[in-house]
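Handing you a structure now.
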Amino acid sequence: MSLNTFGHLFRVTTWGESHGPAIGCTVDGCPPGVPLTEADIQPWLDKRKPGQNKFTTQRKEPDEVRILSGVFEGRTTGTAIQLMIENTDQRSKDYGDIAQAFRPGHADITYHQKYGHRDYRGGGRSSARETAARVAAGGVARAALAALMPGLQITGYMVQMGPRAIDRSRVDLATVEGNPFWCPDPVAAADWAVYLDELRLSHNSVGAVIEVIAQGVPPGLGAPLYGKLDSDLAAAMMSINAVKAVEIGDGMAAATLTGVDNADEIRMGANGPEFLSNHAGGILGGISTGQTVICRFAVKPTSSILTPRQTINQRGQEIDLITKGRHDPCVGIRAVPVGEAMMACVLLDHLLLDRGQTGGVRGVVG
Amino acid sequence: MSLNTFGHLFRVTTWGESHGPAIGCTVDGCPPGVPLTEADIQPWLDKRKPGQNKFTTQRKEPDEVRILSGVFEGRTTGTAIQLMIENTDQRSKDYGDIAQAFRPGHADITYHQKYGHRDYRGGGRSSARETAARVAAGGVARAALAALMPGLQITGYMVQMGPRAIDRSRVDLATVEGNPFWCPDPVAAADWAVYLDELRLSHNSVGAVIEVIAQGVPPGLGAPLYGKLDSDLAAAMMSINAVKAVEIGDGMAAATLTGVDNADEIRMGANGPEFLSNHAGGILGGISTGQTVICRFAVKPTSSILTPRQTINQRGQEIDLITKGRHDPCVGIRAVPVGEAMMACVLLDHLLLDRGQTGGVRGVVG
Amino acid sequence: MSLNTFGHLFRVTTWGESHGPAIGCTVDGCPPGVPLTEADIQPWLDKRKPGQNKFTTQRKEPDEVRILSGVFEGRTTGTAIQLMIENTDQRSKDYGDIAQAFRPGHADITYHQKYGHRDYRGGGRSSARETAARVAAGGVARAALAALMPGLQITGYMVQMGPRAIDRSRVDLATVEGNPFWCPDPVAAADWAVYLDELRLSHNSVGAVIEVIAQGVPPGLGAPLYGKLDSDLAAAMMSINAVKAVEIGDGMAAATLTGVDNADEIRMGANGPEFLSNHAGGILGGISTGQTVICRFAVKPTSSILTPRQTINQRGQEIDLITKGRHDPCVGIRAVPVGEAMMACVLLDHLLLDRGQTGGVRGVVG
Amino acid sequence: MSLNTFGHLFRVTTWGESHGPAIGCTVDGCPPGVPLTEADIQPWLDKRKPGQNKFTTQRKEPDEVRILSGVFEGRTTGTAIQLMIENTDQRSKDYGDIAQAFRPGHADITYHQKYGHRDYRGGGRSSARETAARVAAGGVARAALAALMPGLQITGYMVQMGPRAIDRSRVDLATVEGNPFWCPDPVAAADWAVYLDELRLSHNSVGAVIEVIAQGVPPGLGAPLYGKLDSDLAAAMMSINAVKAVEIGDGMAAATLTGVDNADEIRMGANGPEFLSNHAGGILGGISTGQTVICRFAVKPTSSILTPRQTINQRGQEIDLITKGRHDPCVGIRAVPVGEAMMACVLLDHLLLDRGQTGGVRGVVG
């Protein structure tokens, strides 16, 4: 991964700023012959789209994706796919007062220090708006995965808002789409609605934990030691705006376990090895086991809030800053489809890498 | 990062198996003219070396590094540096009984499924022995950093063993070298000694959390969006054997914070911007802020234990397996110098990347 | 270089097909703060633009470039620069009759065999239209080079059309812009005008040799052994459509020389080493010497001609094919600005690579 | 390709200097399960080995390769393969007098200028000795190709020594191994023997042209536009020491052809498309056609000669220099197995890349 590109064989290069004319990405290395139209990508963008309810930014963006290259007569050609999303609702005036100031907890100051010159409108390149390009790329990845890894199911959901975690005993993935938080625990979802409304009205924001799982991943994906599946997932998720931690399987909790408890014991099932537990999150030695791949990441609270915070401006003057504008009180909500997209891209990339090196042949057990 | 190489400009390619004749790495892209001899690298290897006390594997390896290329008359030439460490204590017989079986929680089964053919002796390529090569590469990185980033100080230490965390109020980094766990809290160190001895004698193992910090990192390192400093740290740490989670700054806890609490407020100090807190772990928008870079990772317990666990063998037979041999009861201990090495490599890589793109010029504040 | 991206640090990813809605590229890794507007790029595109005289394709394309990202208030931000050129004159009907046939000497058949599914309109992705994106990227590279390598002068010209070479004794680079062939020998230019007109009217086409030189390149650019300046130039030029050979300095003729004759003897000048000749073409051991960098490449004749040639179609039927449409009788003409653009991109890339690794420090002579 | 690594999926990283303790390479991405022992690699090294007759350097090196990793019980494991060749005959004293001087036509001066500090013994990293590592890597590639591309035959030979070209009508590839020049024209071989002896005794050297062909390459290898098969071949060959030009198919002569003459007409054969000629050298649009891949490259004369040449030393003093030591009068001879090795590596790399992206499925004709 380097600068604005990620992936080994399925490579995505994103471009664009929050308030420029458009954002988009080039998707390179997609297998040829994959059925693909804008209608295959748009639903994922709609899922991430701002302004859908009071819990996300009120910016209104249709986020309509256009395929500019790499697809002919409804199928991919194997050449570079260009996806473009025009920005239509850029109210630059909202940002005028922070042009020269650095929001605490925001990339304003680091972009300024590194580059000397930055597009301050809406955060420019550091805006979470960039994630729309990732979601579009994920749509391409999903289309290819549908052909190459037919049983695959990728599902993202929020498991914690602020300090309020879901109750795992109540989880029902069928309910994820039924609330504005992609929450799999209906009781928690109801609780979060009240909690987030209070935060929002008190000019505050809050963090979240997202879990993305992939069911139906075959064994053998991932290339030790520096192209490990978990290493690439960690990089992919950590590259999403505001993410501060990535876990695989039991994650941080793995540190608390003993070797006896952590062993995912193996039995022989009708279709090959079966594991009695999944502390590993579907990955051992950087390679998928065939179990569900489990990845979680923490998103920090939005730094753009209406409560004044101490900071400085470009001239070095100390000021108190409030950030007006249309910001997500819990940016983690919209990170759910982004995490799903990154999972899709990483899995496809590793599928291609693996069949490149091994031809997809698998060692036999039994 | 791809297969056995990591890094953008400062690139490390590792090779070797636990029980082959040697292991090592090629370090590419090192600046020329850096003073470097084996004596600059050896101390870091000694820190990771097995068999130093009863809390680490009893395998005896001198881990003597040889520089085979890229250094002339005591200084780097700017060309590929080859580092080799001979394996001297490979008791292959220890592993004979598990040649055809898959240790639960170990990469045995995934290597078999992916590659069909694997060096089972001591875990072969999946052995933590590979990390010696990382530590050697880290020694080169540190030598270059000493010249290019003079104030830099990288320190790793263990902050949790199993469920037993240090007390942050007792932390004294000066005590890290004074106990076998690289623990900065002397009280916890004493407690862990008893705890780990019990676990070891009961044929068990345990996980740990390691923290690696870098003080003196200048602002401006890291390249959004897919060469972010935190994204590369996440990939680097997650690529270490047995690591299951990576955190930057507040990490998972960032999810529990509100925007008001998470804002690292900024004041103007004598030498430029100063932050009043460091929830961000020294990185905003993927770029270093000039504060201490803070990274933590969780290491799962060693899967090779003397307590029998249910598993299968290559023929698909269900068996109970105990793993004899000389294994670390808490592999997290030896992960400390490995984490430090990865931090050094990533920081140097980003220093080179940054001066490549920006020439090292920084945006002015004030 | 991989699939649709080239470059190490200054990375260009191109996308688009001849008859799609647009073509373009993402330019990644450009230094920040470089003055850049569309007006800096457009002149280079105008130089390559089709339809300028009877010796190039009569397709009418304004080739107007738009900067969609990475530039703010007239200067680069250091983030991804997206350049887009809309296709306006796509007469798809011209190509209907060859949709299922394979032009001899053209990529039609190999794209079909590799991908199974291809955009046959105007050659799709294999069209030389892709080179407009290279020229646009080259415009960005030149803008950055103007700041970083002030004395640099890149000049491309045609030195041979078919079997008719220029007379080196008549070369005057000031005349290059004065004829439609970018020919530095006015006598040859006049001769070529007659020659090419005859070929064109006889429904034929012809190859050419292009030379691109760079004056003012400092010593020290290029990274042995696989990032050599000449190796990267070879890859860059060979990747241009229709190119079949690349030479550095004396090129193929170097094989005919003895060591005595080939030695570029060195004397000490006022400003450092001076060479008495330049057989090496400004590159020794993959690293620039400070002399003029000299690169030549051969372009084969356009395969789309009105003279019938034997071939087959997709169903395997043997046919005689003539290619109607608006094709360049000597595609080498428009390859001149493309070669210049590739030279600019490679030089900037190596400047960034070099200052990344060495900081731009140079070994002293004298 | 970057610094000391080449290849996309089959990646080779070389290391080592002429007079260091050893040279070698890490071969990454090799498919697992490929039968491989030192005995599979050694014959290719023997072919390149110095000191075999009076026409090559009299340095005596057994060039015995050792496999240090990545192979277990005679088959590749899919992990990094380390190959090491110890240097045994380093007479450093031979080079003492040129330690501070720059041989004209040699990389001495550019290494000095770029790196400030260089291993001058025997040319250090710029020595053609590095090519032994390439040949070793090529041996691994050939072993994998034997399994994956069974009909493949790679053959290299010299087609020109100085100005003396072979007569194509006399070419008999069966005679290539029968003379010290890998010459396919026995008459030319006899002539060259006399010619080179005279040059050698007159303290001179001479250039050469090498041709490497690959028969049995399937259609579909190569990834437009920047991973073209010909572009990668150009980079690979140009990266070999002393190479100044690379041609594919008709190469520079393609410029002299008309479109009518250059068209490789296609007929339908029993096993698919058949071409009536091969001006293209087996590659169209960067993708293999299924015809013989033809690549040629020019090697300049050895710059280390016993005839005095004008130059300077590091202190900037003007001197006359003769280069004692044991140098090849025609380094092109030993470039033959090197060119073959690079061809093998590039073809395997593209085979893996192709099956990664397309799964090896081919578009049907007929």
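To keep things simple, chains are lettered A, B, C and D as they appear, and every chain counts its residues starting from 1.
Please note the rule applied: contacts are C-beta pairs under 8 Å (C-beta built on N, C-alpha and C of every residue); 3 or more make two chains touch, one makes a residue touch a chain.
Everything numeric in this text was worked out from a predicted model, so none of it was measured.
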Most distant chain from chain A by Cα centroid: D
B-D compared against A-D, more contacting pairs: B-D
Distance from chain D to chain B - Cα centre to Cα centre, in angstrom: 38
Between chain C and chain D, centroid-to-centroid distance (C-alpha), Å: 26
CA centroid of chain A to CA centroid of chain D, Å: 45
Contacts with two or more other chains, residues of chain D listed in rising order: 2-5, 14, 29, 32-33, 78-79, 114-117, 125, 224, 358, 361
Touching residues (chain side chain B, partner chain C) in the complex: 9, 29-33, 78-79, 224, 352-353, 355-359, 361
In the complex, chain D residues that touch chain C: 1-6, 8, 14, 102, 104-107, 109-117, 125-126, 130, 160, 162-163, 199, 204-209, 219-228, 230-239, 241, 244-268, 272-273, 276, 279-281, 283-290, 298-305, 307, 309-312, 314-318, 332, 354, 358, 361-366
Chain C-facing residues of chain A, complex: 2-5, 11, 13-17, 20-24, 26, 28-29, 32-33, 66, 68-70, 72-73, 75-82, 84, 114-119, 124-125
